[in-house]
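You will see subunit A twice below: alongside subunit B first, and alongside subunit C after that.
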Partner chain A sequence: MKVYFKTILMLIKMQLEYRKAFIVSVIGSFLITFLLTISVYFLFEEFEQIGNWTFYEVAFLFGMVFLNFSISEMFLRGLDHFENIIKNGEFDRILIRPQNALMQSTCTEFDLSKIGRILQCLIVIGISLTNLNIEWNLYKVFVFVLMNIGCFIIFLGIFILKASFCFWTIQGLEFMNILSEGGKKVAQYPIDIYAKWFRIFFTFIVPFGLVNYYPVLYLFGKADNWYFGILPLFTILFLIPCILVWKIGVKHYESTGS
Partner chain B sequence: MKKYLSFFKLRLNIALQYRAAAIGGMFTQFFWAIMQILIFQAFYKATTSNNISLEQLISYVWLKQAFYSIISASTDVEIRDMIEKGNISYELCKPTNIYWMWFFKTLANKMAGGFLKSIPILIIAPFLPAGLSLNAPAGLLEFILFIIALFLAIALMAAIMNIFYISLFYTMSSKGTNSIFYAIVEFFGGTFVPIALMPEFWQELCYMLPFSLAADLPFRIYTGSINLSTSGMYIIMQIVWLLLITISGTIITNKRLKKVVIQGG
Partner chain C sequence: MEESIIKLNNISKQFKISKREAGMKNAIKSFFKREYKTINALDNISFDIKPGEIVGYIGPNGAGKSTTIKIMCGILVPTSGECIIDGFIPWKDRKKYVKNIGVVFGQRSGLWWDVPPIDSFELLKDIYNIPQKEYEQKLKELTESLDLEEIKNIPTRQLSLGQRMRCEIAAALLHNPKILFLDEPTIGLDAVSKLSLRKCIKTINEKTNLTIILTTHDMQDIEALTNRIILIGKGKILYDGSLEKIKSKYKDKMKINVKFKYTDKKIKIKEAKILEQTEESASLVLKHKDENMADILNELTSQVDIVDINIEDMSTDDVIAKLYKELKI
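For the complex of A and B:
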């Protein structure tokens, strides 16, 4: 863990060296999320609601999902670009070091510019929370934190899975974007608006429903079942097979590059 | 003989890998389109939009997805690298105008990739179950105008991309400016939210700018959600913008090339 933080700190310092480029990147990443938020707002201007969900409720989900996606992109950039590590043979070097290979691959890159997105997401969450009348209590705060952790765990699993496939394909697969980018887009709306087969996939296979739909029902007072709040814990069940695939992948690894 | 055979095997493997990527890409396209359609269906359950009906919107989503690589603002790494790494010096040695070379390069890339990627959707999407399928164009005249507008749109998009490449002469790095450029083109081009669903003021604003004329207009003409006389006017605007951007682009490029800085070593 100590090694991890030290590497991250170094990567951060590296990016801050190029001050101007860094500021422009932050503005860029802020702008994209900002315009996406405006787009959601436009849709609700036109239609007022989706299913029985209002703008602020959806904005809350949007903020939460994008927040955790941005955090994942920031910390897990190395896994996202894992094919580069495989292609140039960097992974050989990783394997001979006495540290966890997954951890090392993760800290090959750190994208600090995503801070722009994170800021924007926090603003969106803040605005929607002030406009939603949630009766807060200690348990609900706990649920809120748990939702965010669960959401991050799903993205973590997806990124690990995406990287693991590179052991077999060497190339990055555009197909895997369905899970990361697609999941992000799917999860910004409560899953009860989708068709049934779609809902089942995103509850039992890739469990976005467990972090955005059920806990939010409880949080917004749309359902009284307290146990909806702890469903995000079950995202661990998604993470375990992803790590297994990674482990199998490492065994399967054949060196490439020079 | 053995080495030729292994060479053959190698080539075949490479080709197959590309095919796997192509099939994967196709899947992704269908997934995106269907997901967007599901979201819009949910929105339309409560109220409908005055500007565009659900059937029209579904066709719009399919077409946009089919021609996405034409209208998207993803910039060419090769051209970016030229400026960032200094290979631009080789380009400058060639007895050609660099602006037009880049313009036609982008145009060719967009056409080849774009039309190829549109084929699976154009073949399969019309036969999907009702409520998900791509409908026929609103009429013959609309279809002809759609084709004209689409070709103008590709040229216009290539011209817009060229602005970005020229800007690299000033900023020297595409990091950051790349995502700002992307955000602006996608938003005003109606990729984040279709222009027909924006509030009145924003719709008018968007149709004054070249982005929507390049990334939104052809598909709206196809669905018939804007009337023919307005479409005609917008097509003229496409031509005007195309001339405006290319002419100013060449002037700026020629001026800037006099004091170009070569990076790298």
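For the complex of A and C:
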């Protein structure tokens, strides 16, 4: 872990070397997110409500999912661009260092400019929360933190899976973006507005429902089941097979050297 | 006899590659049904290397050099055979094993590009878990032998290739490995940088008894650093021994050009063949590679009044090229 953070620190240092490029990309990432946020607002101008959900409720979900997606993009950039690591032989170097290969691959890149997005997501979450009249207690704070951790874990799993496929295909697979980009889009809205099979997929296969829908029902007082709040813990069950696929991928690499 | 530090025994490696003929039609066909061809990248490779040895691992492109290095670094698992390096099987227990080796890939940097080398060194200290005291001492030692004082605080991207390569070697040696793999370390370097790099490598080897395996296409690297070469071609080891021995094999190809004062006497030397002779010059070759050059020169001096003499030795490059041709690799 120490090595991880020191490497990240070094990468941050490297990005700050290019000051102008950095400032421009922070502003860029802020603006793009801003447009997206506005689009949610306009959607509600038209419809006032989606299902049983009000604007601030959806804005809260949107902010939370986008926040964790941005954090993932910031910290997991190396996995996102893993095909480059394979192509330019950088993975050989990772294997000759006495540290975990997945950890090393993760910290080959760090995208500090996503800080613009993260800030904005925090603002959106903040505004939503002040307009939502949630009866806060210690458990609900815990649930809120857990939701975010769970959401990050799902993205982590998706990014690992996406990277793992590079061991076989060399190219990053576009269809994996369905999971990361698509998952992000889907999870921005409460899943009860979708068709049933869709809901099942995003509850049991890629469990976005466990980190937004159910805990949020509890958080907003739409349901009283306290255990909805700890469902995000089960995202670990999604992460484990992803790491397994990664391990198989590394084994495959060692026997082909592709 | 000293124990070997590197021991390869009948290492073979097969790759499956997809076979495909040219043309769009075949491209589409192979998309749906791919035919695979197995190639033997390495075919029963065996050799031993003793601690402190420098070995030149040479062969034409695609001969299997990189594959062997990758197996010895634990990156690739061979199809069969055994390999024991410093008591480890490289591809098992990778994390423990790699602490014993340093690797420099000439074409790829192991340093972080936008920060000075010293920052990379600091990070490597943590990656390899080097105690602070050992780190400081080793850094001081390497700074001296690789002459890094002036360059270790300049961002890596601003260093010249030669400077960078010295830093790369330092980065590979910080954790005090017993074995160093140098994969084409002098590629792209200018003459001065090459010379200084060779000197550095030689000094480090002598000082620390570091075992070095060097792959290169530059025969002068080999001549400057080692006398033992392992020649590989088409996945097989074709020669393992001294460079001198190969060179002497082609001694009968050496041409002696001699100029002398006017004479119409024909030169006659038992051990040499006269290729041509004019009234003031001649050129001759040894009849047999075991002949003694000194005898021939003596004979020459006794027969003519020598003004100038030169021996056209085959360069190592020529020798190796000839060898590749002869072995059909």
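Simple rule for what comes next: the second predicted complex is superposed on the first by the 253 of 258 C-alpha atoms of A that agree within 3 Å, B and C clash if a C-alpha of one lies under 4 Å from a C-alpha of the other, contacts with A are read in each partner's own complex, and residues count from 1 in each chain.
As a working rule, a residue touches a chain if its C-beta (ideal position, glycine included) is under 8 Å from a C-beta of that chain, and two chains touch if they have at least 3 such contacts.
The shown structure was predicted, so the numbers you read here are calculated from the model rather than taken from an experiment.
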Partner chain in contact with A:L36 - subunit B first, subunit C second, else both or neither: first
Subunit B versus subunit C as contact partner of A:E254, first or second or both or neither: second
Subunit B versus subunit C as contact partner of A:N133, first or second or both or neither: neither
Touched partner set for A:P98, first subunit B, second subunit C, both or neither: second
Partner chain(s) touched by A:S25 [first = subunit B, second = subunit C, both, neither]: first
Contacts of A:N225 with subunit B and subunit C, given as first, second, both or neither: neither
First, second, both or neither for A:E17, with subunit B first and subunit C second: second
Between subunit B and subunit C, more extensive residue contact with subunit A: B
List of subunit B residues in touch with subunit A within their complex: 17, 20-21, 24-25, 27-28, 31-32, 35, 38-39, 42-47, 49, 171, 173, 175-180, 182-184, 186-187, 192-193, 197-199, 202
Interface residues, subunit A side, partner subunit B - complex: 21-29, 31-32, 35-36, 38-40, 42-43, 45-51, 113, 169, 171, 173-175, 177-178, 182, 185-186, 189, 193-195, 198
Of subunit A, residues touching subunit C in the complex: 2-3, 6-7, 10-11, 13-14, 17-18, 88-90, 92-93, 95-100, 254-257
Complex interface listing, subunit C residues touching subunit A: 15-16, 67, 70, 73-77, 91, 94-96, 98-99, 101, 103, 105, 108, 110, 112-115, 119, 123, 126-129, 155
